[in-house]
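To keep things simple, chains are lettered A, B, C and D as they appear, and every chain counts its residues starting from 1.
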C-alpha cells in the first residue's frame, strides 16, 4: 500500500564512517535506506529490510526500509548521499541551498533492486 | 614505532586535538581517543593510486601521468567561460589560498561544501551578526544547552563530552549534573533521547516557533494563539521561562534549520532570539559545522575576497550573491561549462539535476578517494590526504584556528603542488 | 525620439551581464557607439554588438530613448540597471537584476523575469506581465535598505522574499507569492492579489495587503479588527510586535 | 640596490630636520650616509618628504576583522577594484580584504602598521592574515587584561610569575606588546556583566581593574619591552567616563618606565573623554584629558578620530558592543574567547546632524589641538571604529587648517558649540607636528625609533614623498591640496624598494612581522607554567601543545629581544 510522507535527509554515524569509502557496500548499506516508524511500515504492509521505491517531483530511487520509531507519523528519513539526492528538491530558493528537507514523497513497496552507487550515478550520464 | 600525541582529527567540525596516533613504517596502526568517524578516516580507505582520464563519461578511465592530467585540467579551466571550482572543506587553508588564486586567474566561481551545509548561516550573519563564543567558554560556564535541528550523537560524537553537555569546567564542575539539556527537532533522535526536555516541532515550522518564542520573550504572549508548529502555547511559555533562568545559555544548531523552508531566515531568527535573551542573561549561539575545515574556507575566502562563499571572479573582481553565484544555482541553470571538484563530493551531495549537468560538462576531480564525483569526472588527480599526510591550518566549528599534524609521509603529490602546477600551466597557455 | 531594437544574434546559454542596455547608455548614441559598449558573457569581455544585432531609428537624448528587446533575454542579466529615464520594452523573458537600482524611466516585460528584478529600486516603474522569481524589489545581502521608491507590478506570480528590506515604493503582485513577502519591511507598500505565506515578518513600518489566503500567519501580529481599504474589508493586523513594529498587514 | 632622493623638503623631527632641502641615500633597505654614482636618482623637486608612516593602533587582521567582513558583504562590495598585473582584487571600505589593507596604506605613504588586539588563542588567525597583507611591516598587540592567568597572578601579587606569563604569552602569540582592554570586564562579560570603574572587584578572581593595570605596567617594565602597556580604559563609550580615564591615567605614576618612552599609552581617547551623565547632557571633556597629558611626562595617547559616514566598531570590549548594538538596533557579533577576553563587532553610520556624533567628532580634534606636545597624541581613527584609515588625510587637513575646521563645523550639529571647545580653537599644526603624530611619535611610542619613524642613517629605508612643496603652500588655506596630497603619495619607498608611484602600487614585496622574545629567569617560567598546564588540563578546550603559534605563521619575522630586569617600584 502507498504511503505519502514528508522526506528529510541528514547525517548518520554510519554514513559518516563510510563517507570516504563510497564505492564500498558498507556505504550503500549505510545510506541507501529509508527510515519510517512501525505504524507507517504497517501502512506499507511490508517489513524492515524489504525494498521500497521513493518518488518525488524530482526523481525516484529504490532503497531498503528501516524502522526508526523516533520518526513521527508520515516522516521518512534517508541518510544524506546519492540515493537521497536522487529525489531531493534542487530549487535553491534564491539563497543557494537546495531543498534537502521537507519534500513530499510517495513510498511504495517494490521488488526492484537497490542500484549500487556506480549504476545510480550512471543514470545521469 | 612512533607515537604522535595531541594529534588533531581531520573529520568533523569538532577537530578534537587530543588523539594519539601509532605509526609503524609509515602506516597508522592504532588510534586513541578518536570517535568512529575520526578513526575511519585516519585508519584510511581504498585510494585512487594514479591520475586517470577519459574523453567521454561513459567509457573507462585510462591511467596517465600527473603531467598529462595537470595539463588537461589547465586546458579545461583555461578554455572555460563559466568554470565552477567547488569543494575545499576537506582540504587545508593553504590549499584554499591556491584555489582562490587559480579561480581569479581563470575567472571562475569558487564555492565550498557549506553551500549544502551552513552557507545559510553565513547569510543569517549578514542580517543579524553572530553572538557566539569559543567552545571552552561553554564548557566552563554554560548551564543550559540547546541542540536545535542538530544530532551530535551521530554527526559530532565527542562534542558533548569535550565541549558541552558532559564537559566539566571552572564554573561547571559537576558537568552533566549541572546542566539542563534541551533538544528541539522534528524527530526523536538519539540526542533527543538523552535530553532533559525534547520539544518536537512539525517539519518546516522552526521559523514560526522561534518567532513565537521571541514574541513571548518580548512580553507579547497574547499574540501567540494556540499551538505553533505543533508545540502547545503552554510549552512555549514554559520553555521561555526555562531559557531566561540560565546563567549562561548556549544554542547549537544544524541542518534542521539551514536546509528547511525559510532557509537562512530560520538561523537569523534564532540569532535574534539569542540577542534578545541577552537582555535577561548571557546567551551565545554556535553552528555545528560539518567538515573539519569548512569553517577554514569561509575564513580564508573572507580575508582574501571580502566574502565567505559563492564568489564569482568572472569579471576580475569578487562578486557575491548566493541564489545567483552558489554552486547549485549555476548548475541548476546549466550555465557552468566546466568544473573542478576538489576535497568535496558534489556527485554524492548535490541534487540529481546538478549532478546531471556535471555529467554533461568536462569535470576535473582532485581527491584521494573514488566517489560519485569520480563517476562524472573526465580528469581525476589523486592527492595526499590533508590532516593525515599533510600538515596545515584548519578552523574548528567555533572559528578557532589550529594546525593539523602530519601523521605519515605522503606517497602522492599534495593538493597545493597540483594546484600550483595547474596555475603555472594556465599562465603558460595565456602566454605569460 | 530614438528607438533602438536589439536582438540576440544566437541563443545565449552562459548568462550575459548587460548593464549597458539602458536608455542612459544608449541615449544620443550612434549604432556604432552602442555596438562598442561593453558586455560580459561569463568571464569573456565582449561588446553589445558582438552578442546582439542593433537597429537604431532616429536620435534623441536618454529621456526620449525607447529600447525594444526582441527574442530571448532569459539569460541576459542587469538590463536597465541604474536607469534614470527612458523606456525599455522586453517582448520575451529577462534574467536577474532587471532594472536594479533604477531611479527613473519605465521597463515593461511581456514575459517572465528572474530573481532580484527591481533590486534596490529608487524610482521609475517596472511592469512584468508574466511571473517574477525570488527577491522581487529586494535589497542586497547585508544592506538594511532595499527598494526605496518607484513601482513594480507583476501580473503573474512571484516567489519568496518579495520586497525584502523595502524602505519605500510599491510592489503589486496580482497572482500568488512565495513565503515571507514584506520581510523586514521598513516603509514600503506591497499588494498581493493571490495567496501567500508568512507575510510581514520583522516588519517595522509599511503596509502589506493580501487579497488571497495566508497559508501560515506569523505569530507576531496583533489583530486590531476589520477595516475597509478601497472599499474592501480586511482583517487589520499591526506588527511585527517583537520589535514594536508599526507595520500594517491587511488580510481579506 | 642603491637609491638617492635629491632636493627633498624633509621633515624628520627625530633628527631636527624641519623642511630644509636634503638628499637621502639608500642602500639595501637602509638609509646610509652616501651612495655610489650607480644609485638610481629620484629628484623630489622640493616636494615634502617624510619617513614612511607608522600606525600604532589599527584593526587590520584577525578574528574580529574577519567577523566584520562576514557580517558586511554590503561593505565588501563597496570598495571593489579588479586584479591587475601586479595587484590582487581589492574589496571593502571599513573592512577591506587583506590585499587592500597593504595597498591602501602604502598608497598613503604608510609602511608600518600594528594590529591593535589579538587574543592569544586566536593569534594564529591574526598571523595568517598578517602574512597576506602586502608591503607594510606589521605586528600585533596581545590581549592580557582579562586573561585568567593574569588575574590569578595579580591576585597572588606575584610579579615574577606574571612577567613570565606575559613573556610566554608574547611568544605563544608572536605578539609585539601588552594590550589591556576594559580590564576585568572581559571576564565579567562571560556572564553578561561588566565592571563600571577601576575599583570594581571581578567575581571569581578577586582582583580590580586598577590592580590589573598597575601589575601589567610593572611587568611590562620588568621585561623592558619596546612598547608600554597599551590601555583601552574601562567604561568606554559611556557619558561621564572621563573620570574613569583620569583615574586610570593616575596609575601611571605608580611605575617608572624602563626605557625612554611612556609607561602608559591610552588608546582612542575620543571614546574615553566623555562628560555629562546621559545622552542628553553629553559633552566633551577633551580639555581635562589633554590637560592631564600636558601635566604628565609618562603617558601618551592617540585620537581614535571619528570620520562621518560608514564605520564598523570592533573591540575586545564585548559588553560595550552589546550595549551599542541595542542602542543602534544594529546587527551584533560577539566573540568570547575562553579564559582570555571578549569581543564584539557592530556596524555604525556616523551622521553630521546627530548631536552625539558631532560632539564625538569634535572631541577627537580637541584632543590633538589641546595636547601641546604632538609626541603625546598620535593620529589614529582606531580603524575602523572611528573610521577607515583611508581618511587619515582628512584628519591631517583638519588639524593643519582652522579654515577647514570652521567650514566643517558649519555642516555638523550645532551642539559642538555648546558642548565642546573646538570652534574656539585656532591652533594649526605644521608639517613637523604632523610628522610626529604619524611617524616619529608613533615609532617612539612603540619603542621602534632605532629603525622606524625617522630618516637618519641606520633607519629602515621607508620613505614617503608627497606632491606638495612645503615652502610654497599655506596648508590653512589650501587644505584641499593637503588632503589630496596625503591621501595619495607621489612615491612610497619600503625597505629601499619603490612600491608606490603617483598613488599607484608598483611593487608588492612582503613586509616583516615584528614580535618580542622576552627572556625571564628559568624558575619563574617553570613556576608559571605549572599554573598554565593545570588550566589547559581543566579549562581550555584545546591542548597546550596545539595552542602556541608555530613558525610557519611568521615567515618574515623581525624578533626584538627583551628580558627581565629589576624595576623601581615607587
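Assume a contact is a pair of C-beta atoms (placed from the backbone, for glycine too) under 8 Å apart; a residue touches a chain by one contact, two chains touch by 3 or more.
Nothing here was measured: the structure is a model prediction, and the numbers come from that model.
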Original post:
Between B-C and A-C, which chain pair is linked by more C-beta pairs in contact?
Top reply: B-C
**OP:** Please report how many Å separate the Cα centroid of chain B from that of chain C, as a whole number.
**Re:** 34
Original post:
What is the distance, in whole Å, between the centres of chain A and chain C, each centre taken as the mean of its C-alpha atoms?
Top reply: 39
Original post:
Measuring from the mean C-alpha position of chain A to the mean C-alpha position of chain D, what distance in angstrom results?
Top reply: 56
Original post:
If you average the Cα atoms of chain A and of chain B to get two centres, how far apart are those centres in Å?
Top reply: 22
Original post:
In chain C, what residues contact two or more other chains?
Top reply: 115, 134-135, 140-142
Original post:
In chain D, what residues contact two or more other chains?
Top reply: 71-75, 77
**OP:** Specify, in ascending order, the residues of chain B that touch 2 or more different other chains.
**Re:** 123, 126-127, 261, 313, 315, 320, 322-323
**OP:** Pull out all the chain pairs that touch, please.
**Re:** A-B, A-C, B-C, B-D, C-D
**OP:** Spell out the residues on chain A that touch chain B in their complex, using ranges where they run on.
**Re:** 6, 8, 10-13, 16-24, 58-59, 68-72, 75, 77, 80-82, 85-102, 117-118, 120-122, 124-125
Original post:
Contact residues on chain B for chain A in the complex?
Top reply: 11-12, 36-37, 40-41, 45-46, 57-58, 115-116, 119-120, 123, 151, 153-155, 157, 186-190, 192-193, 200, 203-204, 255-256, 258-261, 263-264, 290, 309-310, 322-323, 325-329, 332, 345, 347-356, 358-359, 368-372, 375-376
Original post:
Any idea which chain D residues touch chain B in the complex?
Top reply: 61, 63, 65-67, 69-77, 80-83, 88-92, 95-99, 121-122, 124-125, 128-129, 132, 189-192, 204, 322, 325-326, 331-339, 345-346, 538-543, 545-546, 550, 552
Subject >> List of chain B residues in touch with chain D within their complex >> reply: 5-6, 8, 17-18, 93, 97, 104, 122, 125-137, 139-141, 162-163, 168-171, 247-248, 275, 278-279, 281-282, 284, 298-300, 302-308, 313, 315-320, 393, 395, 399-403
Subject >> Of chain C, residues touching chain D in the complex >> reply: 140-143, 243
